[in-house]
Amino acid sequence: MLNLVGLILLFPIIGTAINGLFGKRLKKETVGYVACGSIGLSFFISVLVFCGLLLLPPDARLFEKQLFSWIESGSFKAAAGLQVDPLSSLMILVVTGVGFLIHIYSVGYMHNDKGYHRYFCYLNLFTFSMLLLVLSNNFLLMFIGWEAVGLCSYLLIGFWFEKKSASDAAKKAFIVNRVGDFGFALGIMLIFLTFHSIDFTEVFNAASHGNFGVGSFTVTVITLLLFMGATGKSAQIPLYTWLPDAMEGPTPVSALIHAATMVTAGVYMIARCNVLYTMSPFTMTVVASIGAVTALFAASIGLVQNDIKRVLAYSTISQLGYMFLACGVGAFTAGIFHLMTHAFFKALLFLGSGSVIHALSGEQDMRKMGGLKHHIPITYKTFLIGTVAIAGLPPFAGFFSKDEILLESLVRGNFIYWLIAAIAAFFTAFYMFRLLFMTFHGESRVDHHVAEHIHESPRNMTIPLMILAGLSFVGGFLGIPGASAINNFLAPVFGGHPHTEISGTESIGHHSEGHPYLMMVISTAIAVAGISLAYRMYVKKPEMPGRLAERFHLIYKLLLNKYYVDEIYDVLFVKPTKIISIQLWKRVDALMIDGSVNGIARLVGWFGNIFRHLQTGYIRNYAFYIVAGCIFIIVLTVFGK
Amino acid sequence: MSVPILTLITFIPIIGVFFILSIDSKRQELIRVTALLVSIVVFFISLPLFFNFDSHVYDMQFVEKLRWIPSFGIYYYLGIDGISLFLILLTTFITPLSILASWHITKNVKEYMIAMLVLETGMVGVFVSLDLFLFYVFWELMLIPMYLLIGIWGGPRRIYAAVKFFIYTMAGSVFMLLAIIALYFLNYKSTGEYTFNLLEYYRLDISFAAQFWLFLAFFLAFAIKVPMVPFHTWLPDAHVEAPTAGSVILAGVLLKMGTYGFVRFCLPLFPEASHAFIPVISWMAIVGIIYGALVSMAQDDLKKLVAYSSVSHLGFVMLGIFAFNIQGIEGGITQMINHGLSTGALFLIVGMLYERRHTRMIADFGGLTKQIPVFATFFMIVTLSSIGLPGLNGFVGEFLILVGAFKSRILYASLATTGIILAAVYMLWMFQRVMFGEITHEENKTLKDINKREFVILAPIVLLVFWIGIYPNSFLRKMDASVNHLLKQVGDKANIVSNIQIHNKPEQLQGIGVPKIDIVPENKTEW
Amino acid sequence: MITLTHYIVLSAILFTLGVVGVLIRRNAIIIFMCIELMLNAVNLSFVAFAHYLNSMQGQLFVFFTMTVAAAEAAVGLAIIVAVFRNKETVNIDDINIMKW
Amino acid sequence: MEIYLFYIVATISVVTAAYLIFERSPVYNALYLIQTMVCIAVLYILLEAQFIAAVQMIVYAGAIMVLFLFVIMLLNLNIKEETKGALLFQKIPAIFMGIALFVTICVILKSKLLPGKHGEYTTAYVNSIGNTRVIGNLLFTDYLLPFEITSILLFVAAIGAIMLAKRKL
């Protein structure tokens, strides 16, 4: 069954090809069937592969399949090879599963769009790239997937290219990601230089059995460079700015790419390279700190945003911060677990918000919503489940995963991590319920002519919502403390090497059995506090937020303008680059280089101007010169020696 | 080898010229078709080179050697190896496409097509000749039709551009001629035989001082041709003024002669001098990469933008070649082909836009995707290939180059990698301004999407773009033997130097105050 | 006894006179004649060398020189006629359009 | 005996050549040049080059010079040169230049830098066969190609002269 792994990649690319080449001539239904069918088949194969992997004994759960040799140059060898292990099999399930649901949702959501076939072509291509990313067995192939998902993200963010903001956002996403990829590419090169291979298995073997101590400088540099790539793709500080803008794309895209799958690639990559990361405590500290800070930072911005999708975008950044925090403290399983549950509930939330937007004919501003819960009940109910899940109330999925991260950050990390994470969790609960209340509760603030058209979404949109809601509800049980299925499943990837445990800290986790339950209570309390505050502010006293905003005017403005980070980047990087480039062109190129070339030409002309006076036009003068020259040459040849 | 295949490739265009000469100049369609057919025939004749090429031998293959001017030791000596193979194929591939792309030319069609075919002879000749004298003849021969193409069929400032192009190139090649003659006499001094045979010169043992000056002379000729910053200013002018086909050939093939020259002549002839010049050239290449990228960001003319991006791309090629290891050089050669394909395609696309709108200013476009979606798709693919998106051709070359550069000097590679970021910035920005957004100009609302002829031009390029991106090995394998041999000629120093450099002075890393970089010892001596 | 030197000196004198004539005269036809004189001087030295070296090549060369001289005279005079038609003069000082 | 003849003929040729460059009337100039050429023909005979001497008389003194005279008279050019003019100052340097040239030639001669290989055509041998016959033999055997080319040259020159002198094509 594992041999079928190639098919997982094949179906989406066939879908891409069919929709891309012939989509224009096909009927809309056919396009939809092709797109969903290809992903559905892919999902089916993924399940088969997953089962195949489960049948193997835990230690033997690693399957590699070489397709062909891709780039070979001297000792540099990059194969097109696939790898199935617990980690990647989990990822393909998430990608194809959530992807499949979102494809079905999109059939309804995009129904009236002119670029229908183009949309599905891109979406299939994205699925292919994402699967390539998680299935590859070497860094370079992973890099292909890595950049290809970036490309799809570019194409899909800029899907409505007529809007300048959309194309701007697309460009920004690609370029910011490129900055991260710069680090990733350098990291791959350094890996090749250090280990003479870029194959995962070989590199990790060499790393764990080679003469690299914990804290080796090379490994630290490698991991930092790779992490730079991860910050770009997973929207962490300092490269997170593209993600909120990426909401310009169609909502299902935001759900699939910018919430559930692509943005988690960074987490996946770090988890994949856990061998390297655990060898470098310094990098781990960096990863954890950036994760924690991002979680808090993005959550604080999310508190005051009014665009429903932007709130979710900042929430995504914040949740990704959690995952990095988990990885940074060495709790890779917790990170991946959260990745999975997050994929469920964030996809649900985005699709739910898409359904809201759909109902309101494209309105995204929450200040113009309100009281929608009776008009679109299915959306409301599923959205509620998602909100509760992300806020972290038991027994929903988010509770378990987030709780595990909080626990691990305290146990393996330190109190500060925990504190930051806890505050961020509080914020999360607050802004998510703020969103819920503003959108579905209270009085309707919807425009009149929009209000007439409010309608529940068609079934092909609500069914995915319900399935995802179900998953958000049960997904957490995979990781119940004590009997964690996911922990055991992933153990071969994260456990089977000597360096995993950072000295000493692990033991604490095992010793204090009382911790998890205390932690659960605390985190539930935090969530409840956040929810009740939101309830007070947005349901009980709707005028309160306005007063608060006035009172803390500066802070409010700072948060509303996202700490002015975009503007700072603009001043620091974008503008200087533009100015430099224009100056280089006008000054250096036109004035200096061309100037000096033309100067030489003019010098020649000047000499010519002088010597042309020798050309009198009188033949006798020329004859005179000839004779003089002859004499000179004769003298030279005869007496020169 | 009974069929003189290289001679056929080189001189069939000239035979085509005679055909065209005998056609009445009013029958333009017939002239175009004849020229196209001739170039296609040449392309098909060149295909056996690829299939019959023995990739296990580094020796010159398909060799033809005839006496030409025996009293001076000049031979008609042709042959190819894995380095020149792809450049020849690129030439024979690009020429029919660019003839097809000049279908709209109505002024002096006969002369135009003759110039194109003569140009093809010159270009192929440069890549196949192994006799330096012959090489120089072809090198100069190819200048003239290009000069005419720019000067007669070019834009408003064509004369300025043509003269600039010609004088720049001549200035370099004169020094090269001088160096060739010097080599001729050096060879006579050591062997007592007058010859221009390149392979004989490879065996010469030249003192370092002589190498230094000879290298410098060759360097100047090739650096202008490449062009490396600061010898590049002829390029934007020439590109902007040249007709589409001229730009395509200029970018696709002519620039490669510079880089090819480095690989074929500079490195094996003057190994020690080349080593001495590594830092200088690498820095020039890096400056070129970044400078070219920055300047192209500031352009408002599409052709100029692409022209400056060439400067940046060729900086990569130079960096790869002067990494002195197999990845770098193979990457460099791959990148030459890639650049020929993707930049050539970009010029074709800009030309197609120009045919429709008679402007190249970015500001005059905007929102075209809505009007011409298929065209936009091609443009997108080519843009992405130029950016170096993995899975397309550009990535393979750039990545190998960077791996090579990384192996020899980490700092160089790190700096050069920033060029990849900048490439994304200027290309995507350009693409956005041209293709995305609302249509702001009325004229753009009536644009026609790609027609059959244009499709036939672009489709093969895009196919190759994917082929190289997905299965580059079919190309890399053929270079292996030659590149390995070249490196052996140049001496094993490169690898040693790079390793020593990492062990002894990792200052850029150690500067942070951390222990030295550690490396798993390689068990085999590999490149 | 006449030696080679005699002939060479004579030839040198005649040649020099021809050169001076070319340099100082203004009439195109006379300049032309001076050129013929120079040719003759050279021919003389050819024959002289041939004689004293027991070779035939000098004489053959002179034969060819004369052919060339004849052709040259024909073309040259035709040019002078053509120039005269245009300029109404054969004074080379008046024909100075080759000026800067 | 011969030496006296040489001196006499040489003197005449030098004097007529000098007249050639200083006489101002073109017709006289042509006549002086003919005299010089005749003198040179005599010298050719002294050098045992009878064929060349004959050709000198026929072609040079005869044909070419007649052509000159013909042109002079055709164009009615027998007008004396003006002595004034822009380039008068060139006269004196020119004469010095001539002297310098002469000195150089003489110095070369003196330094005996002109070696030569003795051939097989001794005077006696040539005379035994006949000068013209020897030349004819050589022209039609070893020098056939140049000989044929001269014919083309003359042909081209004839066409060229006609084309140039024609008023309208």
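A, B, C and D are the chain letters, set down in written order, and residue numbers restart from 1 in every chain.
Operating definition for what follows: a contact is a pair of C-beta atoms (placed from the backbone, for glycine too) under 8 Å apart; a residue touches a chain by one contact, two chains touch by 3 or more.
The model shown is predicted, which means the values in this text are computed figures rather than measured ones.
A.B. asks: By CA centroid distance, what chain is farthest from subunit A?
C.D. replies: D
A.B. asks: Taking each chain's centre as the mean position of its Cα atoms, how many Å separate subunit A from subunit D?
C.D. replies: That gives a centre separation of 96 Å.
A.B. asks: Could you grab the centroid distance between subunit A and subunit C? Build each centroid from C-alpha atoms only and quote it in angstrom.
C.D. replies: 91
A.B. asks: Nearest whole angstrom, what separates the Cα centre of subunit B from the Cα centre of subunit D?
C.D. replies: 61
A.B. asks: Take the average of all CA coordinates in subunit B, do the same for subunit C, and state the distance between these two points in whole angstrom.
C.D. replies: Each chain's C-alpha centroid was found; their separation is 56 Å.
A.B. asks: In subunit D, which residues are in touch with two or more of the other chains?
C.D. replies: Residues 86-87, 90, 94, 97, 101.
A.B. asks: Would you mind listing the residues of subunit B that make contact with two or more other chains?
C.D. replies: As it turns out, subunit B has no residue touching two or more other chains.
A.B. asks: For subunit C, jot down the residues that touch at least 2 other chains.
C.D. replies: 19, 23-24, 26, 93
A.B. asks: Taking the top-of-page definition of touch, could you list the pairs of chains it picks out?
C.D. replies: A-B, A-C, A-D, C-D
A.B. asks: For a test of understanding, state which residues of subunit A touch subunit B in their complex under the given definition.
C.D. replies: Interface residues on the subunit A side: 68-76, 140, 143-144, 146-148, 151, 154, 158, 161-164, 166-168, 170-171, 174-175, 178-179, 181-182, 185-186, 189-190, 192-196, 206, 210-212, 216-218, 220-221, 577-578, 580-582, 584-586, 588-589, 592-594, 597, 601.
A.B. asks: Can you check the complex and tell me which residues of subunit A touch subunit D?
C.D. replies: 618, 620-621, 624, 627-628, 630-631, 634-635, 638
A.B. asks: Sort out for me which residues of subunit D touch subunit A in the complex.
C.D. replies: Contact set of subunit D toward subunit A: 86-87, 90, 93-94, 97, 100-101, 104, 107-108, 111, 113.
A.B. asks: In the complex, go through subunit A and note every residue touching subunit C.
C.D. replies: Where subunit A meets subunit C, its residues are 612-613, 615-620, 623-624, 627.
A.B. asks: Okay, in this complex, where on subunit B does subunit A touch?
C.D. replies: 164, 167-168, 230, 232-233, 236, 291, 294-299, 325-327, 330-331, 367, 369-370, 384, 389-391, 395-396, 399-400, 402-403, 406-407, 410, 413-414, 417-418, 420-421, 424-425, 428-429, 432, 435-438, 470-473, 476-477, 480, 502, 509, 514-520, 522, 524, 526-527
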